[in-house]
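Shared between the two complexes below is subunit A, which pairs with subunit B and subunit C, respectively.
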Partner chain A sequence: MKFRAERHEFADAAAWALRTVGTRVTLPALSGVRLEVSGDRLGLRSTDLEVASELSIPVQAERDGVALVPGRLLGDVVRSLPNAALSAEGDSERLRLQCGRARFDLRLMPADDFPAAPVIADDAAAAVMKAEEFARMVTQVVRAASTDDARPVLTGVQLEATAGSLTAAATDSYRLARRIVPWEQGAEMTVLVPRRALDEARRSAEQLGSEVRLVLEPNQATFEFGDRRLVTRLIEGRFPDFRQLVPEGHERRLEADRAELIEVVRRVSVVGEGSGSTTPVNLHLHPDSIDVSAGSGEVGQADESLPGTLSGEELQIAFNPRYLTDGLEVAGGERVVLEFRDELKPAVIRPGEPPATDDRDTASDFLYLLMPVRI
Partner chain B sequence: MRTRPAVGDRLPDPPAVAPRPAEPILHVDMDAFYASVEVRRDPTLADRPVLVGGTGGRGVVASASYEARAYGVHSAMPMARARRLCPHAVVLPPDFAAYQRVSEELRAILLSATPLVEPLALDEAFLDVGGAVRLLGPPRGVGERLRRRIRRDLGLPASVGVAPNKFLAKLCSAKAKPDGLLHLRAPDVDGFLTPLGVGDLWGVGAQTAARLDRFGVRTVGDLRAVPSHVLARLVGPAASTQLARLARGDDPRPVVPHEPARGMSAEETFDHDVDDLSLLRRELLRLAEKVARRLRAAGVAARTVTCKLRYANFTTVSRSHTLGVPTDQATELHAEACELLDGLRLERVRVRLLGLGCTNLVPAGAARQLHLLGEDRWSRLDRAGDAVCERFGPAAVTRGALLDEATLSGDASATREQWRPRDDDPGRPRRP
Partner chain C sequence: MRLVIARCRVDYSGRLTVRLASAVRLLMVKADGCVAVHSDGGAYKPLNWMSAPNTLVEAADRWTVTNPRGESLTVFLEEVLLDTTHPLGDDPGLTKDGVEAHLQELLAARTTVLGEGLRLVRREYPTDIGPVDLLCRAPDGAAVAVEVKRRADIDGVEQLSRYLDRLNRDPLLRPVRGVLAAQAVRPQARVLAEDRGIYCVEVDYDELRGADLAELRLF
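Let's look at the complex of A and B:
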C-alpha cells in the first residue's frame, strides 16, 4: 500500500479506531488496527470481538493494500508525529511512515488473521437520531445497568424499536432507568446492547456531534456517525419484563428542587461512606419539607432538611444514596418528582413538569424506578 | 469489672491488695470432648474405646476416648486406620448440635469466672483471671473450681493449664491431660520448656521441625542455644523472631474476649475425586445452602463469596468475588460460586475437595436493599425453609437438585452430615 494523508486526520482516525482494540485477547491479531487503502480512501478497523470500530478517511492513494499494525505502537507513533504531511508505504511485512523528517519503520502482523468486517443487512431496522439526543438517552439509562458480570443480561441496555418510538431500558435489579425517544422507522426490533458498547457510542456521539444512525439487527447493533461506525455484538438472554415493574399510580407525590435534593443527599450520606456496606439515606417526607438523614452507630449521624411539596400522607423511606443520586442526576430539569406507594415499594423518579415554553422533550419519556432499603 | 462469684464453693477472704498474679492465664480444654459427650449420653460406653468421626470412605477421627488412644488412635487419623488399630472400638457419627449445646453450657460456666473468655473451639477457651483475684482468689484455685464445676454440672472431664501467658497455658493443659490441672509458675518456665520438643511450639509444623532436626535442634533448650542470626537463616527472619520468643516462654498476646466471626465456610472432601462439573455445581448448591443457613442463623449477610478447590494433586486454588449488596441467600451464593467455578475453566481436572466460603460479614437485619425483580421470593422461601428445618430436622426441606437416590429410597443415614477432614465448623475457629 502507498498513500499520503493529512497528519491530523490520520491521527484522529487512528485514535478513534484504537478504542476498540482488544487488550486482553487470545487472538494476537485483535491487538492490531487494520489499515486498508482502496480507491482514494484509507479504511481503519479494530475489534475486540465484542465491539468493532470502522472508519475511513480520504487519502491520496497510490497503491491499494492492507496492513495490520500493532495497536499500541500505532497509537504511540501517531501521538508523537510532527506537524507535517504524512506519507506511508508498505508491504505485508512492514509499514514505513514518513512525517516531515521523521521516519518510522513498523513491523506488521499477519493481516489474514484479522476477523472479517461485520456485514450490515440492507433491510435492517434503522433510524437516525440527533447525536445530542442519543447521547442524552444513553446517559440517562446506562448507569442503571449492572457492572456485575454474574448476570450478563443485566449488564446490557435493552433498545426496543417499535413503530414511532425507541425505548431504552437498563436495570441492575435494584433500580431501573427507562427512556423513550421518537423513532421514525416502522420496523420492529429489540436488542440487548452491552453497556460498554453503548457508552463508547455515546462518547463518539458527544465527540462527533451531528447525527447517529442506529441499525438494529438480531445479532448485532450498529451506530453510524458519518464515515465511522461502531458495531457491537449483543447480549443473549431475556431482559426482565420491566413494564410490569412500573407501578400504576401512586399514593404520595413529592416535588422538589432537583439540584438541592442531590446536594443534600450527597452531604448527608457522607457519614455512611467507607463503612464497608453502604449506609442508607433516610427521607422523612412532610407536607412541605423533606428531612434527610443518614448515619450509623459506628460513624455518626447527619441530617438536613429542604423544602418539598408532598401530596399524600407522610412517609419515611430509605435508599442507597448512590442509587438515589444517580436517578436524580439523570432525570434532568429544574424540578424533580418522586412518586411513592409505601416504604417497601419501588419509588419512581420523573423530571418535574417542564415549563410551558420548553417543548424539547416531554417529561414522561424518562422514568427511574428505585427499590428502597428496608431498615 | 464486676462478676458474681458463682464459681466458688466458698469465697476466700479477700486480700487487702490484689496485685496481678504472675500466672493469670487459664486454658480450659475438655478431654476427648465429642467422645466424652457420647459416653455421657450412653453410660454403657464408659471405659470402652469410643471413636467419633466420619464413617465414610475418607472419614477421619474427630475425637477418640482415652481408652481408644491407648491403642495409638488420635484425632485427625483416617477412620479406616483407627479401626485397624482398635477393631473393637465403638464408632459413632458426630452430633454437632449436641456438642454445640454442651459448648454453650461450658461457656456459661467459664463466663461466671470472668468476662475475659476467649473461645478457641467448641471445647476449649482461654481465660484471664488476673483481674478477679480479689473476688475469686488466685488463678490456680479458680482453675480447680472450674474443673469441679464442669464435672458436676456437665458430667464431663476437663483439663486446665495455669500459666503466665496463653502459649504456656495451652502447653500446660495438654500436659495435664487427662482430667488434670497443671500450674506453671513463672520461675519454672525455663525448666519446663527446656526438655520439650520443638514441635510443641506454636507454629512449628512437621516441616520446620524436620528442618531444625537436621541441624540437631530437637528440644526447646537446643533452640534457645541457637544464635538468632543462625535461626533466621534456618527458618526465615519472621518465623525466627517468633520462635525465639516462644522458646523463652514469651507470648504477649492478650486474651481477647470475643472474636467475631470473620467468615463462614463449608467444605466437602469427596469420597472419590470428581471431574464432573455438574456434580461440582450441585455440591456447591449443597454447601451454599449450608453456609446460607448459618449466615441467617447468625443474623449476618456476606459481601464476599469464595470458591475453593483442591485438585487430586493437592494443589489448592480459591477465587473470590465481592457483591454489591450483601446476601444470606443460598441461591445467590450458589450463583456466585458457580460463576467462580466456571471462571477456573476446568477441563478434565479431578477435584478432591470443594469449598464455599463467605467473608466480609455485615449485620443482615440492619438494612437491606430490596430487589425490583421479585428476587425477594427466595429470601422468603429460605426463611420458611429455616423454620421447617428448625422443627423437623435438616433434611425436612431441601432442594430437588440435592435429593439423591439414597434419600429418595428413605436411607436416612445418607442425608446425615458426614464428618470429613477439615470440614470447617463455625464453632471451631482456626487456631492461633
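Let's look at the complex of A and C:
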C-alpha cells in the first residue's frame, strides 16, 4: 500500500479506531488496527470481538493494500507525529511512515488473522436519530445497568423498536431506567446491547455530533456516524419484563427543585462514605419540606432540610444515596417529581412538568424506578 | 529504594559505640530516608540502622548519617560492588483476611449479636500494642473489648488477654470485659477463655451477611 494523508485526519481516525482494540486478547491479531487502501480511501478497522469499529478517510492513494499495525504502537506514533503531511508505504511485513522529517518503520502483524468485517443486512430495522438526542437517551439509562458479570443480561441495555417508538431500558435489580424516543421506522426488533458498547456509541455521538443511524439486527447492533460505524455483538438471554415492575399509581407525590435535592443528598451522605458498606440516606417527607438525614453510630450524623411539595400522607423512606442521585441527575429539568406508595415499595422519579414551549421531554418518556432500603 | 552492595566498615556512635569490621554488606537507603546495613543472614534485623528523619551526606569514600538526637552512623566504603535504585511506589500495607475484615464490619453494625444491649464505641480501638477490633459499652455502662476471628484458637485468647490487660490500665475504661467472636471456637480456646472470664460467641457469617442486604430488589 502507498498513500498520502492529512496528519490530523489520520491521527483522529487512528485514535477513534483504537478505542475498540482488544486489550486482553487470546488472538494476537485483535491487538492491531487494520489499514486498507482501496480506491482513494483509507479504511481503518479494529475489534475486540465484542465491539468493532470501522471508518474511512480520504487519502491520495498510489497503491492499494492491507496492513495490520500493532494498536498501541500506532497510537503512540500518531500522538507524537509533527505537524506536517504524512505519507505511508508498506508491504506485508513493514509500514514506513514519513511525517515532516520524522520517519517510522513499523513491523506489521499477519493481516490474514484479522476477523472479517461484520456484514449488515439491507433489510435490517434502521432509523436515524439526532446525535444529541441519542447521547441523552444513553446517558439517562446506562447507569442503571449492572456492572456485575454474575448476571450478564443485567449488564446490557435493552433497545426495543416498535412502530413509532424506541424504548431503552436498563436495570441492575435495585433500580430501573427507561426512556422512550420517537422511532421513524416500522420494523419491530428487540436487542440487548452491552453497556460498554452503548457508552462508546454515546461518546462518539457527543464527539461527532450530527446524526446517528441505528441498525438493529437479531445478532448485532450498529451505530453509524457518517463514514464511521460501531458494530456490537448482543447479549443473549431474557431481559426482565420491566413493564410489570412499574407501579400503576401512587399514594404520595413529591415535587422539589432537582439541583437542590441532589446537592442536599450528596452533602448529607458524606457521613456514610468510606465505611465499606453503603449507609442509606433517609428522606422524611412533610407537606412542604423534606428532611434528609444519614449517618451511623460509628461515623456520625448529618441532616438538612429543603422545601418540597408533598401531596398525600407524610412518609419516611431510605435509599442508597448513589442510586438516588444517579436517578435525580439523569431525570433532567429544573423540577423533579418523586412518586411513592410506601416505604418498602419502589419509588418513581420523573422529570417535573416541562414548560409548554419545550416539547422534547414530556414527563412520560423518562422514568427511573428505585427500590428503597429497609431501615 | 537504593541498594548498595559494598565492602565497608561501619561506625555508630550515640547511645553506645559500635564498630563493624570490614566485610561485604548490603546498604539500603529507603525513600523516607531510613538507612540500614545488612549482612547475608537473619530474616529482618539489620546489623545497624538509622531511622528517618536523618541526614545522609555522601563523600567519595564514606557516608555520614546523622539524626537530630546527635547519633551518627558512618559507613567507610572500601569497594562498591553494586549501586542501584528502584522506585517501589506506594505500599498498600497489610490487609486482613477478607472474611475477617468483613465479619468485623458486619458485627460493628450489629453489636447486639455479641451481647444484649451492646453499643459500639468504635472499631479498631487503639491500644499501645495494637488496635482491638471493637470496643463496645454494655447496658450497665461497662466497657467490652471484642476480638473478631474466623477461627478462634489459643492465640486469639492470648491476644485478647493482652489487649484486656492494657485496656484495664485505663481508669476511664476499667473494668473491661472481653468477648471473643468467631465463626468457630476451638474447644481448648473456649476452656482457656472461660477460665480467664472471656465470653466466646460463635457467629454465622452468612446470616450476618443476609441481614446486611437490607436493600430490597425490584425482582
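The rule we apply is simple: the second predicted complex is superposed on the first by the 375 of 375 C-alpha atoms of A that agree within 3 Å, B and C clash if a C-alpha of one lies under 4 Å from a C-alpha of the other, contacts with A are read in each partner's own complex, and residues count from 1 in each chain.
Just so it is clear, contacts are C-beta pairs under 8 Å (C-beta built on N, C-alpha and C of every residue); 3 or more make two chains touch, one makes a residue touch a chain.
Just so it is clear, the model here is predicted, and its values are computed rather than measured.
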Label the relationship between subunit B and subunit C on subunit A in the superposed model as either fit or clash. clash
I'd like to know which partner A:176 touches here: subunit B for first, subunit C for second, both or neither. both
For A:222, decide between first (touching subunit B), second (touching subunit C), both and neither. neither
Tell me which partner A:148 touches in the superposition: subunit B (first), subunit C (second), both or neither. first
Have a look at 242-250, 296-304, 314-322 or 332-340 and say which bit of subunit B overlaps subunit C after the superposition. 296-304
Residues of subunit A that lie at the interface with subunit B and also at the interface with subunit C: 171, 173-176, 240, 245, 276-277, 280, 320, 344, 346, 369, 371-375
In their shared complex, at which residues does subunit C touch subunit A? 102, 105, 108-109, 119-120, 122-123, 212, 214-219
Could you pull out which subunit B residues touch subunit A in their complex? 303, 321, 323-326, 335-336, 339, 360, 362, 366-373, 375
Complex contact set, residues of subunit A against subunit C: 171, 173-176, 240, 245, 275-277, 280, 296-298, 320, 344, 346, 369, 371-375
Would you mind writing out the residues of subunit A in touch with subunit B in their complex? 148-151, 171-176, 240, 245, 276-277, 279-280, 318, 320, 344, 346, 369, 371-375
